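Structures for review follow.
Two complexes follow with subunit A in common, the first pairing it with subunit B and the second with subunit C.
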Partner chain A sequence: MRTKIINYAVAFLVLLVLNFILPRLMPGDPLSAIYGEEVLVQMSPELKANLIGRFALDKPLWEQFTSYISSLAKGDLGYSYYQNAAVSEIILAHLPWTLLLMGLAIIFSSVVGIIMGIESGWKRGKLMDKTCLTGMMTLSGFPSFFLGMMLLLFFAVTLRFLPLQGARTAYGNLTGGWIVLDVLKHLILPLTSLTLAEIPANYLLTRNTMIINAREPFILTAKAKGLPDSKVRYRHAGRNSLLPVVTRIGIKLGIIVTGALFVEIIFSYPGVGNLIYTSLLMRDYPVLQGSLIMVTAFVLLVNLGVDLIYKKLDPRT
Partner chain B sequence: MHIRYWEKLEKDPFGKTGLILVIFFAMLAAVVPLVTQNPTTQTSFIFKPPSITHPLGTNDVGQDIWSRLVWGARTSFLVGLGVGVLSTLLATLLGASAALIGGWYEGVVMRTVDVLLVIPTVILVILIAAFITPSIWLLIVVISLFRWQGAARIIRAQTLSLRKSMHISAAKSFGASTSYILFKHIIPDLGPILVVSFIYSCRMAIFLEASLAFIGIGDPSVISWGKMMRHALNFYYLDVWKWWLLPTGVALSAFILSFTLLSYCLEKAMDPRLDESNV
Partner chain C sequence: MRKNKVVLSIFLVFLTIFLVSALLKTDISYGKTEAITYTIADATGDWGYPSPYTHYPRGPGYVRMSFIFDTLLWKDETGFIPLLAQKWHYEEKENAYIFSLQKGVSWHDGREFTAKDVIFTFNYIKKHPTWMVDSSIVEEAVEIDPYTVKIYLKELYAPFLNNVACTLPILPQHIWQEVEYPRGFQKDEALVGTGPYRLCDYNRAQGTYLYQSSPNYYLGKLKVERIKFIKVSEQMASAALKRGEVNASSVPPEAVKDLKRWGLQILTCLGSWNAKLMINHTKEPLSSRKFRQALAFAINREEIVKITQRGYATVGSTGLIPPSQEYWYNPNIEQYSYSPAKAQAILESLGYHRKNGYYWKNGEKLRLELLTSPQFAGFIRLAELVSQQLEKAGIAVSMRILDSKSLDVRVGSWKFDLAVSGHGALSGDPFILNKVILGKDFISARYDKNELLNKLLSDQLHQMDREKRKEMMYKIQKIYAQELPALTLYYPTWYWAHDGSSNLYYTQDGIAFGIPIPLNKLCFLE
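Right, the complex of A and B next:
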């Protein structure tokens, strides 16, 4: 158990060290590599002295690193000279949209994937199973951003049925329930793309586990007791197929996060993914690094949590 | 475990489709770029719909989209193969050597594996690539460096159990040389794992390269499907997406799909419980 926690801590430390060392390895002025070119426009002697002091850039590398870590520990992720705001504030403003999109996508994709997987695995080799399997295989080839583009072009551009981009109508002056409706309308396409991209993995894993579980003696016992088929399928075989899927969702959170990143970019959805993209384009390094650190910390924490819970669910490990 | 790859792939509809698709894309990437127009030549014929001279029309600066598509296949193939080979090689070397040498060396390798397993790879690659703007070769190396850990762990476990297994001791007692045991037993026994890990790495690398190119990370002089799709999306209000974005996206998806199909087929071969023909 302790080694698990240490692994996560070391992984986070590796990311911090990379975050620290990469801008300093860049040729040229480290200030512009750390803050982006924009800082040079606003540069005055006082600001320069202030920035150098802040990152201890005139001190040896080790002292620079300790001052970097200690400011991070205080929750100070730096300052963006493009947006003239603290990085932590910028990220916090974008975070709710990503959590909304990702949370709903995880729920929908696991429910659909697990139910289809249970049904398909139970009826293995039948027409329904073969159709589902082929369909899911094909779907799994599509990258989330291509799915997003297709939905965008079909529903928003060709049919003009749903909004093209953003999370809310700008200057809409909406009130009450209309705000919720507006948010939902903007959410449909990004959510559908991300959910569709996530279903196949959950489906395939559930189906495989179902097939293996269906041969276990306890299924035979349940059938012999005369339980109805649906009960054996869900209460016995299905329930025992849940564990690997739930673990997968936790462990593969990093993949879902990156999927959300690309979907947000397609629909200009104002979440962290879009923030990472715009900061990449603008070379706004403080925001880019801050967002990547936050996302990694989030993913690592959830993974650690899943690891800890898994110990409780499955005492064999 | 010894697998008759050909037989498995030929019998399984998924495996067969995957194999045909991979061969198709290999031909596309290897041969077709030799006979197409120069994909970088800019002309004044912009946004032209498909015609005989331009099978997929032209883009906003008058470049022939079909020739860009087949050159893009080259990029995808190169990255896929490169990462597949390099990461599988790293995994085999580190995993097998950890099992054979043991001691503190094994401890260091396995600790590195544990740490790499929990790091979100894509995020790390975005971070690195944002700063160093890698060439295609450097990208292959960077992806591979973060992509060997899973296979290495399995290979180490397999090598450990193989070392002590009966058929190896039997071969030794008949006086087989080390190289004979290595090539006749250990490598064929590790074979399926190596092949599946190779296919997984290919798939992941093709996907990652396209995604990174899509968000603007990558060598600007290289033609990449991800970059083409990003570029085409800027003109969503015109009809050009039908012969610019759509074929590119379908090509990328079909290419990724072919590797999924192959790996699914081989996984089934490795876990007979999943094989339909054994019901």
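Right, the complex of A and C next:
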């Protein structure tokens, strides 16, 4: 157990060093990176001199690294000169929207995927199984952003039922429950596209395990006891088919922050994915670096969590 | 019975989305723009906290700030107009501008605006430089009386009215005198201005702004009470306009025809930005002016516009200034219209001979490297086309795609032959030529080999007579076109669509120092 934690700590340290070194290996001065060449055209010479002074990296590398680590330890992810705000503050403003979107998508896709997988696996070879399997195989070929575009074109542009983008109506004078409804309404399309894109993997995994489990002697015993079909299916076979799906959901949780990147861009949903995209366009490197650190820390943390939980769940260990 | 249960449930999911959305549609009246609210769509959304020191250093950031803060002068469709200064004139002997200020103007917090605020602002930007104004030009700002200020310039400076008087937002002394770190000043007081609007809300994550009209604006009543900026991607802008969710938005060129059919009004901006071919004129064979001219003859700019811009651009002028800058543009310069024959004649006169389709000299094949980056849309396609055209003319080209930063560094350190690049700011004062011809940045041609060009560029900055300055600009374009230290390929055309409820227009020479966005705050006056 201790070695596992040490492994994670080493991995995290390597990531920190990479995150520190990479921007310093970038060609050119940070000024043009931060302000972009459009502004260099307009910028006055005195401001340029002022900014060059601010970005002076004249200390030895080791000192820079220690100050970087100590500020990270204080939760300081850096400062975005472009957005003129602390990186942690910027990320925190976007994080809840991504968590809402991805969290719900993971829950829905898991529930639907598992139920469909159980039903389908139980009735292997029947018409319903075949239809589901074909449908899911087809669906799994579509990436989430493609589904998103299709849904957007159909429900928002053509039918005009749903908002074109954003997470809420800007200055719509809404109060109380209407705000919740408004947020839900904006959530429907991005959530549906992410959920639909995630269902097939969960479905296929559950279905496979279900088929294997259905042949096990304990299922025969359960049936012989005269238990109702649904109980055998869910309590006995279904429950035992969950383990691999749980692993997959664990992995998915790790990338919860960036998983919705494309969908967020399509729907202009103000999550972390959209933030990363805008920062890339504006060459706002501090924000990109901050997001990277946060995402990697999150992935490592979730992996560690899953590892620890597994230890408790798995009777063989 | 259960066979179709799952199939049914898939249909049910869709049906539910359908029904819930239809239900919600009747319940929430989102997006219905009231007559007094004007909604503007923006693809990026967030342009920073709209104070003079904290908005993002780009045109849209400035525009959001300009709704709250006024400058001494302003511009409309026709040119300079009074704003905080009622009248102004230039004292030639003293090299100073005298501004008579509006009386009875108050700051949003009720305090009176006087000459002291103007003096304070000029002193403040010397201590705390801003990206939009070069305060080093100003020698001193002096108060003549509470409503008159005199600004002494260090040297003659022709673009003063455009680049300083029309651009510098005047700050309230009673608030900013205490502020030591203006970029960190993001309290409500940081947004006390004299402008037509006040900010009610700014949401960084959602990229939205809400402005409320100032009740006693000194230039008159505002017909638009509230202005909203909301984030809408460029692809969805047309749909949002059609749905009436937004009143105005920039739109992709392909959407223009359809939007016109829907009764929307279209504004066109020609030539504020240019894509250009950077040429390394410090190394052989590109250091030869004649060789550069041969390149220009070999490149078919009209074809480039047709193919890479689908026709939505103006062919680049070899004098850099776009034809849309009617006052400054010199139409009588050599444009090097596509002519492979002329390119061939020049190359042969330089000692090259053609063999197997390519030119050779001293046993070496004529070969150039062309750098490009995916930074701007269509730049890779553009580089491919330029390569093809040069290959056709007998010049072997190896194209290299770099990330934009590496490209900038390579160009900046002269480690390139040819590179595709671009920059804006061509719609404002032509002082920009100094920055992009003589400037030291990678964006500039950094060309100082022609003494006359250097002198003209420096002199035109000090020429206070507009007509004489125009003559100089004509000469500058002519020489630049002869020297060809870089070749402007095209100026993309930009479009805005709006519903006509406010009379939007493109400001003459752009907003402030030259921002090509049709959101002049005076459009919203009654």
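Basically, the second predicted complex is superposed on the first by the 282 of 317 C-alpha atoms of A that agree within 3 Å, B and C clash if a C-alpha of one lies under 4 Å from a C-alpha of the other, contacts with A are read in each partner's own complex, and residues count from 1 in each chain.
As a convention for this text, contacts are C-beta pairs under 8 Å (C-beta built on N, C-alpha and C of every residue); 3 or more make two chains touch, one makes a residue touch a chain.
No experiment lies behind these values; they were computed from the predicted model shown.
Undergrad: Regarding the shared-chain residue A:Ser140, is it in contact with subunit B (first), subunit C (second), both, or neither?
TA: After superposition on chain A, A:Ser140 lies in contact with subunit B alone.
Undergrad: Would you sort A:Lys185 into first (subunit B), second (subunit C), both or neither based on which partner it touches?
TA: In the superposition, A:Lys185 contacts subunit C only.
Undergrad: Is A:Val299 in contact with subunit B, with subunit C, with both, or with neither (first, second, both, neither)?
TA: Touch partner of A:Val299: subunit B, not subunit C.
Undergrad: In the superposed arrangement, does A:Val10 touch subunit B (first), subunit C (second), both or neither?
TA: Only subunit B; A:Val10 stays clear of subunit C.
Undergrad: With both complexes overlaid on chain A, does A:Val157 touch subunit B (first), subunit C (second), both or neither?
TA: In the superposition, A:Val157 touches subunit B and subunit C alike.
Undergrad: Would you check which partner chain A:Lys231 touches, where first means subunit B only, second means subunit C only, and both and neither mean what they say?
TA: neither
Undergrad: Once the shared chain is lined up, is A:Lys223 touching subunit B (first), subunit C (second), both, or neither of them?
TA: In the superposition, A:Lys223 touches no partner, neither subunit B nor subunit C.
Undergrad: Going by the touch definition up top, name the partner, subunit B or subunit C, that contacts more of subunit A.
TA: The partner with more contacted residues on subunit A is C.
Undergrad: Would you tell me the residues on subunit A in contact with subunit B in one complex that are also in contact with subunit C in the other?
TA: The answer is residues 26, 33, 152, 157, 265-266, 281 of subunit A.
Undergrad: Quick one: which bits of subunit B touch subunit A in the complex? Just the residue numbers, please.
TA: Those in contact with subunit A are residues 14, 111, 114-124, 126-128, 130-132, 207, 210-211, 214-217, 229, 233, 236-237, 241, 245, 249, 252-254, 256-258, 260-261, 264, 273-274, 276, 279.
Undergrad: Show me the residue ranges of subunit C that touch subunit A in the complex, using the header's touch definition.
TA: Residue list for subunit C touching subunit A: 2-7, 9-10, 13, 17-18, 20-22, 24-25, 27-28, 30-31, 44-46, 48-49, 54, 56-58, 129-136, 183-184, 186, 201, 203-208, 210, 226, 228, 230-233, 236, 239-240, 243, 245, 404-406, 408-409, 412, 423-425, 432, 435-436, 439, 441-443, 513.
Undergrad: Can you tell me which positions in subunit A touch subunit B when the two form their complex?
TA: 3, 7-8, 10-11, 14-15, 18-19, 22-23, 25-26, 33, 124-125, 137-138, 140-143, 145-146, 149-150, 152-153, 157, 204, 208, 211-212, 215, 254-255, 257-258, 262, 265-266, 276-277, 280-281, 285, 288-289, 292, 295-296, 299-300, 303
Undergrad: Note which residues of subunit A are touching subunit C in the complex, please.
TA: 26-28, 32-33, 35-47, 50, 82-85, 90, 93-94, 97, 112, 116, 119-120, 123, 126-128, 131-132, 135, 152, 155-157, 160-172, 174, 178, 181-182, 184-185, 188, 192, 265-266, 268, 270, 278, 281-283
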